[in-house]
Each structure stands twice: as structure tokens, then as C-alpha cells.
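Let me begin by presenting the structure, written as C-alpha cells, before commenting on it.
Just so it is clear, A, B and C label the chains in written order, and each chain counts residues from 1 on its own.
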Amino acid sequence: MSTVSPVLRNRSARIALTVVVAIALIAAPLLLPAFANQTLVRIGVYAVAVLGLNIVMGYTGQVNLGQIFFVGLGAYVTAYGVNHGWNIIVVFVAACAIAGIVGLLVALAAARLGGLAIAMVTIALPIVGVPLAKRLSEFTGGSQGISARFSDAPDWSGLYSDQWQFYIVLLVTAAAFLLARSLVQGKYGRAFGVVRENEAVAASMGVSPYRTKVLAFTIASILGGASGFLYLAAVQYTSPETLSFGHSISLLAAMVIGGAGSIAGSLIGGAYYVFVPQLTNAIDPSFTTLSQGAILLVVLFLLPEGLVSLPRVIRRLGRRRTARPTSGNPPQTAPAHHPVPEAAREGLENTERQDRP
Amino acid sequence: MTLLELADVTAFYGPVQVLDGVSLSVPEGGSVGILGANGAGKTTTLRAVSGTVRTGGRITFDGRDIRGLRPDQVAALGIAHVPEGRGTLGQLSVRENLLVGAYLRKGRKAISADVDYCLDLFPQLQDRVSSRAAALSGGEQQMLAVARAFMAKPKLLLLDEASLGLAPSTAKTVYDSIRRLRRESGIAMVVVEQNANLAFSLVDTATVLETGRNVLTGSSAELKGMDEIRRAYLGG
Amino acid sequence: MGMGTFIQLVVDGLSTGAIYAALALAIVLVNQATGLINFAQGGLAVLSSYIAYVFVRLGLPLILAIIVAVVLSFFIGALVERFLVRRFERGDPDTAVVVTVGLLTLVTGLCAVLWGYNNLGFPSLFPLTSVEILGAVVSVRSLATTVTIVVIMVVLQLLFLRTKLGLALRAVADNPASAAFSGLPVGRLLMVGWGLAATLGAIAGVLVAPQLTLTPGMLDTALVYALAAVILGGLSSPIGCVVAASAIGVLENLVAVYVPFIGHDLKIAVPFVLIFVILVLRPQGLFGRKVVVRV
């Protein structure tokens, strides 16, 4: 599933590239205009939320329609902590921990249902979350929302606020991505994959599907909380609108369009989440939802593994053109990533696309 | 006259070639066996006919090319496939399964008479007509699968491993009834069967497949005598 | 608050419950046929309601406009199955679910582009008068909505159990590959199944539209209730879903009035708190069987 091109497999080249990227990211806010920094900051914010969604959905195969709820929860906890004068580290830990605990409780119940029921339960989170946020106005400021300023650059730094915010977001985002990467490449990542492919097989291998799903969901919630913290660092304000159902769907779309089951895809997803509504809003705000649905469906049809798979798909198409199999009438239209037994079941559908006599 | 003719049929599951030029000829009212070890391509050959796997080569039925038709179109021409692993509709009752079998037919009376005939053919099903198919025993499900295929009044029956997972006595009962069905209805059959004795009790000729190719074709009587064939391909 | 209020709440609850039940049944119908959960079921119903609205504005009598919209919904549902969902039916169910979420977004966006986000008034099929039953004042609309949905469910049940089409639909839902061996045109039957589901949703949509007023997200909440009903009632049990949907409708109404902390704004949480409690108390799942497993 590696998406790196052969050049990058070379170890020293990879280290060099990492160093270059790191330097570029550290230097960027000093060189870029404020608007560009703010945009990059927002990409970081949503990339972390999409990353969490990717852990539970892309890697573990549990459809989660409520990720935005944890982003909102993290944002509210952050606002509350900041306004009560908590230390910022404590605020960050609380934002992650409370989102994680709520996520754990939801998962403990929802994962019992199995299959698509998790999707059916999680869809309720933003729908219940919005009135709940309005109701608990002593914590949330009700419909008006709540603001909290903690991310203005301190005087000693000599930085502008957008640059300071960039570094906060960069720090947390980079840590989240590195942790997520080592998670999915390790033992737990394999457990996620087995549960996604086949729960019965997972159970027979000694991997508890229930516990794995709860774990993945909890990690996703923690990352959602972290994203909420970053959201408040970037926007300094949150309201019930932050966790609306529409935004949850957008997160899902961003994850799928970026690339389900891909760490790099989460970053692309974050960029999609920020850029595309900006773009469609610029053309005509009333087309935003329509174009989002259309883009999501087009990607699912043409690029089911998301934008991150684009280079691979192009390479594969190139190869196919040069080396076409010669035998009779092979069903090469079947996507190459399908496992072999699947092909037998697909026969029914494949034949349907053939000409009738 | 030839009813079904396969010539040089190929098939792939993804990149894996499962059939590599299989040929088969079934005369009207005839019964042909396909023998061979696991993975030789027996089931795939039946699937090729019924349209559940894409194939190359030529498949003609009643003089018309049927390659590339959908399974329901193949069924409409008069080919009934009894797939491996029963192939009943578990949540439907036995009677409903039989009525689904007659989906393409008109004429309430004739259908009702054939339901009665099926229950006579497989008396074990008589007490279970209202039970869900999933609640039947393995043998009863196999009987129901065959009966449902018969309800379509096909010209050709494709029978895949009807003895699979059944106790020997049950398997024998199933095959006895299928033999009677063949005798009384004259339906042509292609029979895939691991158990050589059961297979030879039902077929006139047979072909032996190995890695997707015919390696031996002959009459039932000829093949039956070849001990080394039986040992090699049929497991004794 | 006396007995009168109570009866009124129950009757109103049954009528909203009937709407949830219709959507829940549509979801079950699609799930039985294709193993999917169609998150766009509510969105498609909203589209149908807008279509009815357009015909009303064109001067068609309300009942005729509704019939035209409901018939069109059948074709919309069938086309969605054929050209959108079919490709994903045999693949990963999670991807297919995302497809329906994409469809929901697309349909909501389409309604927004065509008719805007402003609430549009939709005429009621039933008189807005009330009758007195056992001393309680009950709206005719609530009663008539409930009766209409019940009649439609009975018709649907007869279709499934007494007709050849119903038998064929059930056969395809049971095992499409096996059904095809008996000559059943599986693709066309799946289209019919999706068409019927869309029809059911459309009826729910036009019945509830006068109350909610038309907006692109009109049925988002109702969809969530319907999904809760499906979880509680079981995907394989249409009757269970109807019972659960009615119970949810009544319960949320009662809780909204009698439990001040919850109130009308938080009553949507009621079915999910219920699900949560049941899951904690009954780890083996609801009604002692696995609820949503179809591998």
C-alpha cells in the first residue's frame, strides 16, 4: 500500500527529504503572508480531525458519522479551560482526555452493535450535540458561542499571531501524524486491518474485534479533541455551529477524498476540507453542498482509494498500456485490488455489463 | 442432437486462469459427468455455462451462443443450476422456494402439480413445506435445491456436488431421486461429483479435468474400469 | 396537566412515530434487498416533497401533485440503484454507505440550489381541525397521518406476502445469486426494491412537510429517529421497526413535556439514551440477536 515512489525508498534520500520538509515547514510562516499562514493552520486543524476519522474508518472499517462532535467537544473544553485560567498544557490534555473518555463510552456501547450500526449511532452525535451545546450555556455560551484567546503571540517571541498559531498547530499536527503513523504500522495497525477485512478471521487470530473497534474509536475521539484544541487556537471562538451535522459529513468526505486508510491522505483531506468550500463559496455559496456531494461521488467512482492513490493509479494505467495480457478474454476490468475469491462473486455483476445478444 | 456444447472455454478469477480450454458436449436428454480433483475447474465449468463467471471460447445451447448472458437470461433459456452448497433461499419457506423456482412459468395448475410431484419425489420435504429452508437439514436442503431447479422445467440441469457434506446414506437417497427425476422427465444433466460411484450412477459419459483442461473423456463404462484414473482423480 | 394532555401527546407521538416508521421501513427494505443502509433515504424523501410542492405551485390539486411526486419517486429510487449504488453493492459495505452519504449531500445540495434554504410552506392534505376523544383534543391531521401510514404498511405487507412480485423481491433479498438461477432478473428487482423504498419515503415526506415546512434538511432529524428505530427494532424485522418507531415517537413526546430537563430541544437524545442503556444492560445486543450483521 506504499505510495512513495521508488526514489523515496532509498533511505538517505528519505532522510534528506524529511529534513528539507521540516526546514520548509519551520521557515514557512516567517516567509508567507498572514492569509497563507491562516489557511495552512486551518488545514492542520482539520487534518488532525480527518486523521482520527481515518484511524477508525479508513484503517478499522467502522463508519463514523460523528467525528465533528469530538472536535466541538475539544473546542468547548479548551474554551472553558482557557477562560478559567488553566495552564495551557492542562487545557490541551483535558481537551484530548475528555473527548477520549466520551468517545470511549460511546464506543463501548456502539461497538456492541457491530456492522453498520456504528454509523447509525454516530450520526446522532452531531444531531444531539448541537442542541446539547445550546442547552449547556453556562459551559458553552449557548447559541452565541464562546471565545477564548490564548494563541496570540507572546511579546518575547517577536512573532505575529498567525506565525505563533502556525507553530502551535505544526507542533501538535506533526506529533499526531507521527504517532498515528507508528500506530498503524505496528501491532495495533495490523489488528485494525484484520478487523476491517474480516471480524471472524480477527477473532480466530486472537484479535478481539470489539476491543479493537473501541480502541480505534477512542483514538479517533482523542484526535478529534486535539483538533478541537487546535481549532480554538486558530479561530479563538466556537459555537454550536462548529459541530453541525453538515460539517461531520464534510469531514467524512474529506477523509474519503483524501484517501481512506492513508496517513498522507488525511493531510490531503484536511486541505480539501479547507480549500474546496472556499473555492465553491467564491463561485456561488449555494452550490457548496451540491458540489461537495458531487465531488465525493465522483471520487468514489473514479478513485475509490482517494486522491492519495492518484500517482499509483496513473502508474498502473501506464503499465497496463505497455503490457497487456494476450490471452483470450480476461476479465481485466475487475479492479486489481480485489482479492481472488471476490472475483467469483463479482462474476454476476460483471456479466451484466456485457452486450446482450 | 447436441443440446450444450462447450469449445475451448477459458475463465479467469482475477489474474488466475481456472479454465484453460475446456470442451464438453451434452446431447439432448443426455447426462455428462465432470470429474477431477479439487481446483481442476469443475465448478467453474458449470459457472461458465450459467453465466456467473466471465469466459472466453464458445458456449452454445440449443444452437445459440450463450456466452456473456446474465444468469437469469441463461435460466430463461432452460438451464437450471444447482450450485455447490445447496443454493436454497434460507428465509423463504420450502413451498416459496419451489414457487421461486417456477418464477418464469405461467399456469397455476401446472405449477401446483409440479410442486406435488416434487414432494412425491422428495417425501422428506412433505412435512416441511411451511418451514424456512434455513431450518432444514443438509440433505433436505439439497433435495429442495434440486426440486427448485426442476420447478423451472429446464431442458438442462447443472448439478454441482449434490453429495457434498451429506451422510453417505442421505447422498444415496438424493441421487436415487435425481435418477428417478431423470428417468421420468428426460432432463439432460451435467453432473459435477467428487464421489465417483454416485457420479457413474447418473451419467452416460464423463470427462476428467485437470488444471482447467480435459485430460480424458469417455463413456461411463469405459472410465469406470480404469482404476488408475479413479485413484488419481477421484480419490478412490 | 391532565389525562387530556396525555392522550393528545400519545396521539401526536403516534403520528410522528408513523413518519419515522415509514422511513425506517424504507431503510429496512433497502437493507433487505442490498445489505446497505441508505443514509440518503430522508434526503430523497425531501426531494420528492419538493417535487410535490412544484406541482402544487403549477396548479395541480394537492392530492394529484402528491401522487405524481410519489410515482416519480419510484423512478428516482430505481435510477439511483441502477446508476449509483449498483457498482458498490457487491463491494465493501462501508464504501457503499459512504456512497449513500454522498448521495444525501448531493440531494440536499440540489434542493438547496433549486429551492433555497428558506422554509417553504406545504399545504396539508388533512384538515387542521381537532376532534374530541375521551375528553382529549386530538388533531385530525395526527390521526389521519397515522391511519394513512398504517394502511400503506398493510398494503406493502400484502404485496410482499401475497404476490409474485413480493415473492421475487424477498427471494432477491435473501440471496441474489441464487435467485438469478431461477431466472429472476435480479438487477430489475433491486431497482423495484429501491423504487418502493423511495415511494415510502416520499409518502412520509409529503405527510410531514406541512408540519415541518420544506427545507433541504427537513428530514435529517427524522432520519436519525428512523435509524434509531431500525437499531432498536432490528434490521430483519419490519414489524419490530414499526413498533420501535411508534414507541420512540410517543416516548420523546412524553419526555419532552414531563421531563423538564430534556424539553423539546433535547428530545432527540431520548432514543439514543435508550439504545445506550439497553446496550449496557444487555451486552448480547437488542432482542438477544445480532442486529446489523450481514457479511
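FYI, contacts are C-beta pairs under 8 Å (C-beta built on N, C-alpha and C of every residue); 3 or more make two chains touch, one makes a residue touch a chain.
The shown structure was predicted, so the numbers you read here are calculated from the model rather than taken from an experiment.
Colleague: By C-alpha centroid distance to the whole-protein centroid, which chain wins?
Modeller: Centre-most chain by C-alpha means: C.
Colleague: Report the chain whose CA-based centre is farthest from the CA-based centre of subunit A.
Modeller: The chain farthest from subunit A, judged by C-alpha centres, is B.
Colleague: Determine the centre-to-centre distance between subunit A and subunit C, using the mean Cα coordinates as centres, and give it in whole Å.
Modeller: One centre to the other, that is 30 Å.
Colleague: Rounded to the nearest whole Å, what is the centre-to-centre distance of subunit A and subunit B, using the mean of the C-alpha atoms as each centre?
Modeller: It comes to 50 Å between the two C-alpha centres.
Colleague: Centre to centre, by mean C-alpha position, how many angstrom separate subunit B and subunit C?
Modeller: From the centre of subunit B to the centre of subunit C is 43 Å.
Colleague: Which residue numbers or ranges of subunit A touch two or more of the other chains?
Modeller: Touching at least two other chains: 348, 352.
Colleague: Would you please write down the residue numbers of subunit B that are in contact with two or more other chains?
Modeller: Only 52, 70-71 qualify.
Colleague: Which subunit C residues touch at least two other chains?
Modeller: 177, 180, 186-187, in rising order.
Colleague: Within their complex, state which residues of subunit C touch subunit A.
Modeller: So the residues of subunit C in touch with subunit A come to 36-37, 39, 84, 86-90, 92-95, 97-99, 101-110, 112-113, 116, 176-177, 180, 186-187, 216-217, 220-221, 223-224, 227-228, 230-231, 263, 265-266, 268-269, 272, 275-276, 279-280, 283, 285, 290-295.
Colleague: For a test of understanding, state which residues of subunit A touch subunit C in their complex under the given definition.
Modeller: Touch list, subunit A to subunit C: 57, 61-63, 65, 108-110, 112-117, 119-121, 123-124, 127-128, 131-132, 134-135, 198-200, 245, 249, 252-253, 256, 286-294, 296-297, 300-301, 304, 345-346, 348-349, 352.
Colleague: Quick check on the complex: what are the subunit B residues that touch subunit C?
Modeller: Going by the criterion above, the answer is residues 50, 52, 70-72, 75-76, 80-83, 87-92, 96, 99-104, 148-149, 151-152.
Colleague: Show which residues of subunit C lie in contact with subunit B when the two form their complex.
Modeller: Per the stated touch rule, the residues are 164, 167-168, 170-171, 173-175, 177-187.
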